[in-house]
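Presented sequentially are two complexes of subunit A, the first with subunit B as partner and the second with subunit C.
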Partner chain A sequence: MNITRLFTAHRRPLLVGFLILLMAFVFTFPLYGGAYPTRVLTTMLMYTVLAVSWVMFSGTTGYMSLAPAAFFGIGIYSTALLQHYLPFPVIIIVGGLISFALAVLLGLVTLRLKGIYFTIFSFGLVVFIGNTVNYVEADIFGRHGWYFDALDRATLLYAMLGLAVVTVLAAYFISRSRLGLAMQSIGGNEEAAEHMGVNTTRIKVLTFAISAIFMGAAGVILAPSLSYSNPSIAFSVTYSFIPIVAAVFGGMGQLHGPVIGALVFGFLEKTLRAQLLTYFMLGFGIIMVVVILFLPNGLVGLASMLRDRLGGVISKVRNGSDGEQHANT
Partner chain B sequence: MRILECQGVTKFFGGLAAVSNVDFHVDQGEIVGLIGPNGAGKTTLFNLVAGTFPLSSGEIKFKGRKLSGLKPHRICQMGIARTFQETKVFANMPVLQNVLVGAFFGTPTHVSGAAAAREATQSLEFVGLSAMGATPISDLTLANQKRVEVARALATKPELLLLDELMAGLTPTEVGEAMELVTRIRDKGITVVMVEHVMKAIMGVSGRVMVLHHGEKLAEGTCNEISCNKTVIDVYLGKESNAGS
Partner chain C sequence: MAEVERLLGLSMIGILAGGVYGLLAVGLSLQIGVCRVLNITHGEFLMLGGVLTFTLAGLGINPLLAPVIIGPLLFGIGFLLQATLFKRIKVRAPSPAAFEGNALLAAFGVMYIISYLARLRFGTRALPSQYLTEGVPFVGINLAVNLIVGFAIAAAVGIAVYLFLTRSRLGRAIRATAEDQPTAELMGVNTNTVLALCFGLGALLAGIAGTLISMRTPVTTAMGFNNTVIALIVVTLGGLGSVPGSFIAGIIIGVASMLVAGLWESVLIVPVYYAMLMVLLLARPTGIFGKK
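Moving on, here comes the complex of A and B:
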């Protein structure tokens, strides 16, 4: 039991230590990890960015957005259009800002809708933007897709790691700020929030746009490893569903839920799918159904459930042995 | 001084006039009761004052300023707070956080974290729930959830408080406590308008009563005048409850 006590008493330093080790691992990974595993790790971090930024808005306010693919695609296109003109770090920022601006615009129009109507509309946006870009690109400029300049895979991994850390930190600080409280009040009861002085429209649009920054930036960083892209690749609706799947899988209640969900989902998807092809998605579908049915708080919920069970068993065993001792004496 | 003035207030839902041509005013520092049968338009009138939806016609003035066209959050920041008939607490937060929302956002000026925390704690203490700040709100009884709504409204530092059926569904003891709470709110200098079906409570605390029926103002006056008014007895009170006042 001393180990459990050690963990609870020194939780914060242990956590920080663990995170530093984890980051050291990611940093040194390209040295010995090989090309494909490095890409897997980059993808896992990208899913983390998508899942955490999705939960930042949808998890707290309860507005289920299917728009991530739109912002992600904007990011990919930022790289496509700007790669010969601006240095990569600047493109990351520009891609984030363009997504932010677009999200403000879209938010002002769509966030008047509630519930399933907002969800469907946000999904429609992805299709609409993808098709518009396709039309402009193919029919007006007569272009068929874009090629990307190759970038060192270690650079991409570090960029994605940096973005993931920034996203998680932003989510953490927002959840503890007054903006976070306002968002939560909207998720709790929007009408009441409005009558308590919360400018709900402004808060919703602002958070929607902030979360879009990270989605757009993730698209910018992914782009070079695609080597080729066109509208149907860049605006693939998959990128709208990945963050939801990862967040539900990991658990949306706390910040580490979507992080763990995204890392595990990304790892399983990229390593298993290469070998098992479609069987993976079939199997994962079943896993998702089981998670949704039995683990409303996702993997994180499973961990705390096991801890409770285990704690119960341990104390039962201890009490049992105490009881026996008493019986013997 | 008149804190709230309504002139010709009308609200149509489709072809139905939920509130029709209602004139009334509220003086600073009084408790006004708003009664009437179900569907009389009491809550709609509250919603119009609080800005939930716009007026079809008429005018509402708060401290001489027109409210029409203002969003609910602006009206709240101007000094009108409300509670809800069916409690609308933030179910995803503990009790204190619920009140903090009001403290942070309910005033026109920027509130520091420390000041908001102080305001929220004081409001909770005022309604007698200071021990429950960390409790998940869903663990509270209906009576206490309604108290949290009052605390949350008070944390916005209102001058006018709209209480929508604060006592509905409460036990007689809880009704007594709620009446005492309403009186204390008035003593703080906050004007109160309350919608209520519990006649004992209305007659016990309000100085003036307005009766709505089919969206129209049926009568207005002191508790005694209302409880003896023949039309009011016919459409709402009935013969028996007259004795109860």
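Moving on, here comes the complex of A and C:
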């Protein structure tokens, strides 16, 4: 009868259909997309992985982690060190597991600390690992950076797509599991959660480490398209900031918030010309402040707010003055 | 003997340079301790202080007088940030933990705004405005006058802040607000103004630290982030809310950085800071002088 009703009645199949179309688009993209656009798409997917995995831990528990770049860099280094010895898919898993192990270690040490100290600690971690690796690499082994074996760009795109899908699915299932509930209770009131019998430290360490797997794996997959890397590229703090900016921009309340935020952010960042980039980053600073102040649910929240308003107006117009009392239903 | 002299000289430089870190950290300590904002914009205020000192030096204004102009400006920016942005976030936040998270994220945005505005205006090249560079001999090493003057200014400002916080009526209001905001409000303290004042004061102190650093080394618009890291480490080492603690931790960090750079390798400065922080956080999470 009308489009709005069609959408609400068949929401699930429509969503699944849309996602399948989107996958098909990404899958066929290397055939007609050209080299640079394919890289842009890969980067957008990578930001998605980073943003979703960041929200997985920090968004739900409220512990603001600034460590993603550390795990991401470990992924890049896994590729650098293992590329001649292991097949690529195995490196992805190994990179994820190394990140996991490091995150468990770190989590055990730091997650007993109060939120603010955890943030400070994770903030310095990236600089710490970057400088230490730099020292070991340059002063002990006398190396200056690494070169990567070129890999087919379509393969990298598919790998990143696969990782993004796995990350989103993992985030979805975790948020619906007991673990997800426990995390939410920590984010709501940690002390109360503890009294209810939630082993808060274990839950925090576990999720922190799980989210690190995806960050590490994302680093492994990005590495070949860098072609060259050194500690300051691999452990650039930018990779800690991007997921946060993308997640806040998209909205952290729901799963699709960080996904959309990361895709939009990645697309703009990689397609704007260099001189515009400074204005872009400036604009993003302003957007972040505005989002925090006025749109606690980000872009997604804005969309649903507009839809509610618009839906109200439409039904008002359709039903005349009688519909007014149902406008908001 | 020469080696001992060299160590002594390096330590002296470290102590003098550490005073500036202490000053920087006192400002951050006020913002975290009283306003509860993990202000990662702090280093950007230092950057602004340094870059504006360079601009004013170009206009013929002595760097030692620059804080007179820059200070009120940065104080105003900090005051407004707390009075508008962070206050609003606080009113809307459902819990203190949610406020801390959201304030951190908003501070992120502010950091981007300040650093990219500065980049648009000044580019990313090094801006030299060193001042008082002649040396004073000290056990086999030449100490630049700007180091000594910088330490003296930092110490004087630090003592002034300490006396302000411990002796004045307003200082008592600040401490009361830090301890228990609702109760302070009931006692008639206008906490909104107090918080804004603290934030402004923090920005002002970072600006002065920036001026002092610009007297020593060329400044760039990209220097903010590294100084935020240093300030955070110093604050954590010294303990939140302790002025003497911040200074002592600043000096420890200063000496450590000079010794590591002089004896070992300057790449390792941050790892050494970090190792110290790690040991301290595990042994005593509230810092050397922090209260429980």
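Assume the second predicted complex is superposed on the first by the 313 of 329 C-alpha atoms of A that agree within 3 Å, B and C clash if a C-alpha of one lies under 4 Å from a C-alpha of the other, contacts with A are read in each partner's own complex, and residues count from 1 in each chain.
Keep in mind that, in the parts below, a residue touches a chain if its C-beta (ideal position, glycine included) is under 8 Å from a C-beta of that chain, and two chains touch if they have at least 3 such contacts.
Values in this document were obtained by computation on a predicted structure and should not be read as measured data.
More residues of subunit A are in touch with C than with the other of subunit B and subunit C. Residue contacts after overlaying the shared chain place A:189 against subunit B and subunit C alike.
Touch criterion not met for A:315: it reaches neither subunit B nor subunit C. In the superposed model, A:227 makes contact with neither subunit B nor subunit C. Once chain A of one complex is fitted onto chain A of the other, the partner contacts of A:282 are limited to subunit C, with no touch recorded for subunit B.
Residue contacts after overlaying the shared chain place A:119 against subunit C, while subunit B stays out of touching range.
Of the two partner chains, neither subunit B nor subunit C is touched by A:28.
In the superposition on chain A, contact of A:293 is made with subunit C only, not with subunit B. Applying the stated contact rule after C-alpha superposition, one finds that A:304 touches neither subunit B nor subunit C.
Looking at the shared chain after the overlay, A:155 reaches neither subunit B nor subunit C. In the superposition on the C-alpha atoms of chain A, the part of subunit A touched by subunit B in one complex and by subunit C in the other spans residues 187-189. Across the complex, subunit B meets subunit A through its residues 50, 52, 71-73, 76-77, 81-82, 84, 88-93, 97-98, 100-102, 104-107, 113, 152-153, 156.
Interface of subunit A with subunit C (complex): residues 62, 64, 109-110, 113-117, 119-121, 123-125, 127-128, 131-132, 134-135, 138-139, 187-190, 237, 241, 244-245, 248, 278-279, 281-282, 284-289, 292-293, 296. Looking at the complex, you find that subunit A touches subunit B at residues 178, 181-182, 184-185, 187-189, 191-200. Across the interface of their complex, subunit A is touched by residues 32, 38, 40, 85, 88-89, 92, 95, 97-98, 100-102, 104-106, 108-114, 116-117, 119-120, 225-226, 229, 232-233, 236, 265, 267-271, 273-274, 277-278, 281-282, 285 of subunit C.
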